[in-house]
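What follows are several structures.
You will see chain A twice below: alongside chain B first, and alongside chain C after that.
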Partner chain A sequence: MTVAQLTLPTAQVSYDAPIEAELERLVELFALQPTLAAAYPLRWLAVQIFEGDEGLLAEVTAAGGPSLSAEITASMQRLQARYGEDLDITLVDQRYRFVHALAGKVLTRPGSVHDLTMSDRVDKVLTNRFLGVPFFFAMMWLVFKLTTDVAGPFVDWVDGVINGPISNWVIGLLGVLGLAGTWVESLLVGAVLAGVGGVLVFVPVLFALYFALAVLEDSGYMARAAFVMDRFMHRLGLHGKSFLPMIVGFGCTVPAIYATRTLDSPRDRLLTGLLVPFMSCSARLPVYVLVATIFFPAQAGLVIFGLYLTGVVMAIVIGMLLQKTLFRNQPPSPFVLELPPYRIPAWRTVWVQMWSRTASFVQKAWTIIFATSIVIWLLLAIPVRGAGQFAQAEMDQSAFALLARGVSPIFAPLGFGNWQSSGALTTGFVAKEVVVTTMLQTYHLDGGEAEGAVPTTFIEDVTGIFTSFGTAVVDALKVIPQMVGLNLGAAEDEEEFVPEGLATAIQANFAASSGGHAGLAALAFLVFVLLYTPCMVATAAARHEFGPRWIWVSIVGQFGVAWLAALIVFQGGRLLGLG
Partner chain B sequence: MMQPVQRTLPLAMAGTGARVRLVEVTGNQRSARRLAELGMIPGSHLTIMNDHGGTLLIAVGDTRLALGAGVAHSVLVSALD
Partner chain C sequence: MADLTIALAGNPNVGKSTVFNALTGMRQHVGNWPGKTVERKEGQLTLGTHTATIVDLPGTYSLTARSLEEQIARDFIIRERPDAVVNVLDVANLERNLYLTAQLLEMEVPLVLVLNMVDVADARGLKLDQPALAAALGVPVVMMAASRGQGMDELKRVLSQLIASAPAQARGGIA
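This part shows the complex of A and B:
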């Protein structure tokens, strides 16, 4: 075996002689300070000091005391006398000269630097002042379809596997152990499996979203999106770069808040961080799907798209308000962004991003969601009234109902002051998708066992899992041509996955709490879910990034905004005689 | 012989397709430094590739940069023939 001996030629950037002399002088002085010599390459350190790095200057002053500090000042003054105040720019300029001189010696380029590259030609179309924005929205529409329609069959598959074969196996195993029908079965199936399922159902959606984002980033389009949207974002007091966190926010608020780190100024980071939660995250989607299919089966897609749009509009309004109030004296930082040339994404990079981002969500989410599922199950299992025993309590006599009833008057003016809704919204602070889990638990437990499961063998179950995965793949592939406009007119026969009993129970309940305006109350509920306080993981991320003070603005402020918006939808709709 | 006075104008006013020489970055020091690091050094040649409602796409050598309208106004350039 031969080992390649690779020695890279080290080219030291050489500056003008006067600068070199001062650099050498500083390096000699720094070398006398053991702490500095151990921590940094000294020439690099000297260059940073000349370029005005305040953090490093403080370190150097701390290590070398006032005498070293005076030497540095003297050096800089000598150089500034010669090169002017912008010493940092002079250094950058000389580095560029060095690079150009080197490149001129070793590179022969075909054509001239003024020739349009392939990338420029693509940009002529994609960032065209008339086509740029429509193309951007078309891309966003594709991302949206990918995370809903293409991921959909896989979501159903995961759901089916957990609620079908796996639940059956657990129940069967418990039967063998003689625990059938006990609280143990109720805990495992009603809380543990429901919790695990609640997280896993997200995996296909996040996979699809992170795939789309990785492709957009890696191909170079994401930077163009920032360019195209800059003028629009300017109205919110932000610039194009803030668009990336906003887009990520459609997937999950948590990475979106961390994505604000790419912005230059603290003001931009904070303002973007406050607006990001209005981008409807993917965890809220299952809530929309459940409620919209029950109340607006014919226009479910339209209602859901409308909700996403409402979130964006709210972000615009709130952004303008914040800019005129809290951020009045702080102009946005300048927008400068390098646009990389377009390229075909490296599939390995795309895969690594999809995988690591999805995995980090699952790791972060599963404990919290799991814990909530168990807490809710416990609250539901503990009887506070009536004669029910532990885990046998009637739903409306449980501790959960007692707590939720205490909260529900807040939601009465919005039309959904029933304890099931307020309970679901309360648990929604833990994680938005838990709203669905809670609703299913609160409505479903009574009479849920009536569904007769067809007995299957283990082999049938396993083959079923694989064949249904195959069906999901086929279904997802069938959706793709529709995404680009083919087969648009075809009626979609959506499978009704909401159990009939559940739908009628939820409808009856909303009708009762809204005085007969169930549809309006459901719409108000959806708007509330869209806008209210982000989940506790997102809140924790925001606290991490912006400090505790802003968290309360976010928690209380968003709750207030959501309450008002839902009030306007419900009461306004009633006044107009809708629903 | 007198040197002709160099006529400068903001980059934002130069118009799409224009080829210009960067003369000076006015305004705050930090953004001047940032632009310099990306290759926008006094004396460098810029081409305005695209104008999207005030946001510019410019070419500096092989680098393509997006500049917000505010930045484009702070960069003073002179025409290249």
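This part shows the complex of A and C:
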């Protein structure tokens, strides 16, 4: 008991005598209500009521009835007559006085208070009117590169290990069990492993993101970044810190949604999270490249740039709209910001954050991703026409094609109401880059991806995993000098390979579904891909961060926005006599 | 005996996470507060034969329930009645940090003050009278430089004293 008393504070903030008298009166009244006395420290409760806490006031009123409520009002009126309407400010002020007196008693400052600390001197440069913004953009560029180029080789490695050695082992094992070539193999490799891979490929990306976030936050720069960008972002009704998730969004929506954690108010977090998917993520680029090179070979670059710009403009427009509607009652949070002193990040803290936040994503996201993979696999596996057997159906004879045909009328007003397009958009929910693969498959062309399975031994597989990891490390390290502008070794140009015959097939199909306006339909298709529902992993991330309610706003809302925008492009273009 | 709960409270940027990590090591769990988008971190601390759950409250400047973070921190202390609240303060900005302490005093909960960043304060020539602060508030005060691990043993010692006395406390919390 003695220690318990030792640890219960003996001091108390003391207010002016009139306030103390009213507090005492309320405490006595509260003590008569057993429910209150059991649940709350009564003096604290009285202070909260004086500070205008409506939730607690309602509870007290519920417990004590109208008579207690009248007593509280009387108390507050007496105090307000003396201190003015804003009683809460009076209490805060008196608490500060207590704190000031206490600090004066225990703290001695050196004579020269106005010496600039090291931190202040650094800030003279980094939050400087002219240097602040370029430095900020340089930092954003670094974060973007980290989550894309540096994480990239590791993403490929994870992907390679799962699709290479691990699927080989699964297939081998199934062969031993006599299940080779059966639907079990198809399910395990095509759905289960694909789902696992779908989650794990994001681990390097999130590791990189959380590393960058932890370093930016722990070093103290994040607060400066918000300060530097706030004037601009506030005009859009966003917070200075919203900028970082937006930039990360150009790499991948998933880490971008998690990057909204750096925002303090739930309103800013959610609003930013809803806008992030409009930043065109890198997985959508292959779709742009494929479609743009087929339909607009001369201006492909311009079209792609235009799409990125459209995404940004849409984010700004939608952001404004959301603030006028859904967020009408939630004004932007006032910009009060502490600039903490710069510090070297504690590496252990950085590591713990990287690890625990990434693990939390894997735990939370796998259910949605797994379920979606299985559903898509089932749709593709079930034959509805022709002679195909379960798990061996041709794509155009599968339940998937049936479904795609069923939904394709939705896209008819947009000019691409053909089942190949709606099918590709459906699998695009799994991952945006899959749109390309599905298009190739629906037009009966394999994208040259069917690697001739070279039989490997177990030992070769295991050494392969390690050597390819080594290559990934080297590749990632090679990116770092490039980030600061050095280019060691020429970067290979990635040329997108458009298979023979695909271009003509797609062109013919789009021409048919659009009534001869293939170019406009292709543009509408691209705009749709840019804006529609983010992939399942991004959806899982949004659910993880914002709760199940908001993912529907995101899924349905974005689908609607994309549909309208594509409609405007196609029908508007036709009316104007373009294409 | 894992029935003790210790909450960590403090302003943002005072090294609360470093203290939390040092106390719990890798034995921690990150989730969200129920129905909220704010991260909830908790971990286990073993002191002798006892285990305590350390809950890292969101970093806040006050406990007036004006923001989600403040509300979470306040509700946890009031409704869950932790066995102790460890209030981490940045000595280099003591006065501003003490505002939260003043509010914690009003919540009538066993309190331990951790004055972090004594190294930074030293470098700036700030002098702190630890016994005077402890006497003025009637709470244990631990001096710490968490980034260097200084003061962590002292905090653990203070906490084990607390744990030793805990079964006798019968605080009637809901925990």
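Here is the rule we go by: the second predicted complex is superposed on the first by the 344 of 579 C-alpha atoms of A that agree within 3 Å, B and C clash if a C-alpha of one lies under 4 Å from a C-alpha of the other, contacts with A are read in each partner's own complex, and residues count from 1 in each chain.
As a working rule, contacts are C-beta pairs under 8 Å (C-beta built on N, C-alpha and C of every residue); 3 or more make two chains touch, one makes a residue touch a chain.
In this text, all values refer to a predicted model and were calculated from it rather than measured experimentally.
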Checklist entry - Counting residues of chain A in contact, which comes out ahead: chain B or chain C? => result C
Next on the checklist: In the overlaid three-chain picture, which partner chain does A:Val352 touch, first (chain B) or second (chain C), both, or neither?
Outcome noted: second
Checklist entry - Is A:Gly240 contacted by the first partner chain B, the second partner chain C, both or neither? => result first
Checklist entry - Thinking of the overlay built on chain A, is A:Pro548 touched by chain B (first), by chain C (second), by both, or by neither? => result neither
Next on the checklist: For A:Asp120 in the superposed arrangement: first (chain B), second (chain C), both or neither?
Outcome noted: first
Next on the checklist: So in the superposed three-chain picture, is A:Tyr96 touching just chain B, just chain C, both, or none of them (first/second/both/neither)?
Outcome noted: both
Item to check | Set intersection of chain A contacts, chain C complex versus chain B complex | outcome: 51, 88, 96, 338, 341
Checklist entry - Quick one: in the complex, what on chain A touches chain B? => result 51, 86, 88-89, 92-93, 96, 113-114, 119-120, 123-124, 127-129, 132, 223, 226-228, 230-231, 234, 239-240, 331-339, 341
Item to check | chain A-facing residues of chain C, complex | outcome: 11-13, 17-18, 21, 26, 28-31, 35-37, 39, 41, 64-65, 67-69, 78-79, 84, 92, 94-95, 98-99, 101-103, 105-112, 120, 124-130, 132-133, 136-140, 147, 161-162, 164-166, 168-169
Item to check | Complex contacts: residues of chain A adjacent to chain C | outcome: 1-4, 6-13, 39-41, 43-44, 47, 51, 53, 55, 88, 95-96, 98-100, 102-103, 105-110, 117, 220, 261, 264-266, 269-270, 338, 340-341, 343, 346, 348-349, 352-353, 356-357, 359-360, 545-547
Item to check | Residues of chain B defined as touching chain A within the complex | outcome: 19, 29, 31-39, 41-44, 47, 49-55, 57, 59, 61-71, 74
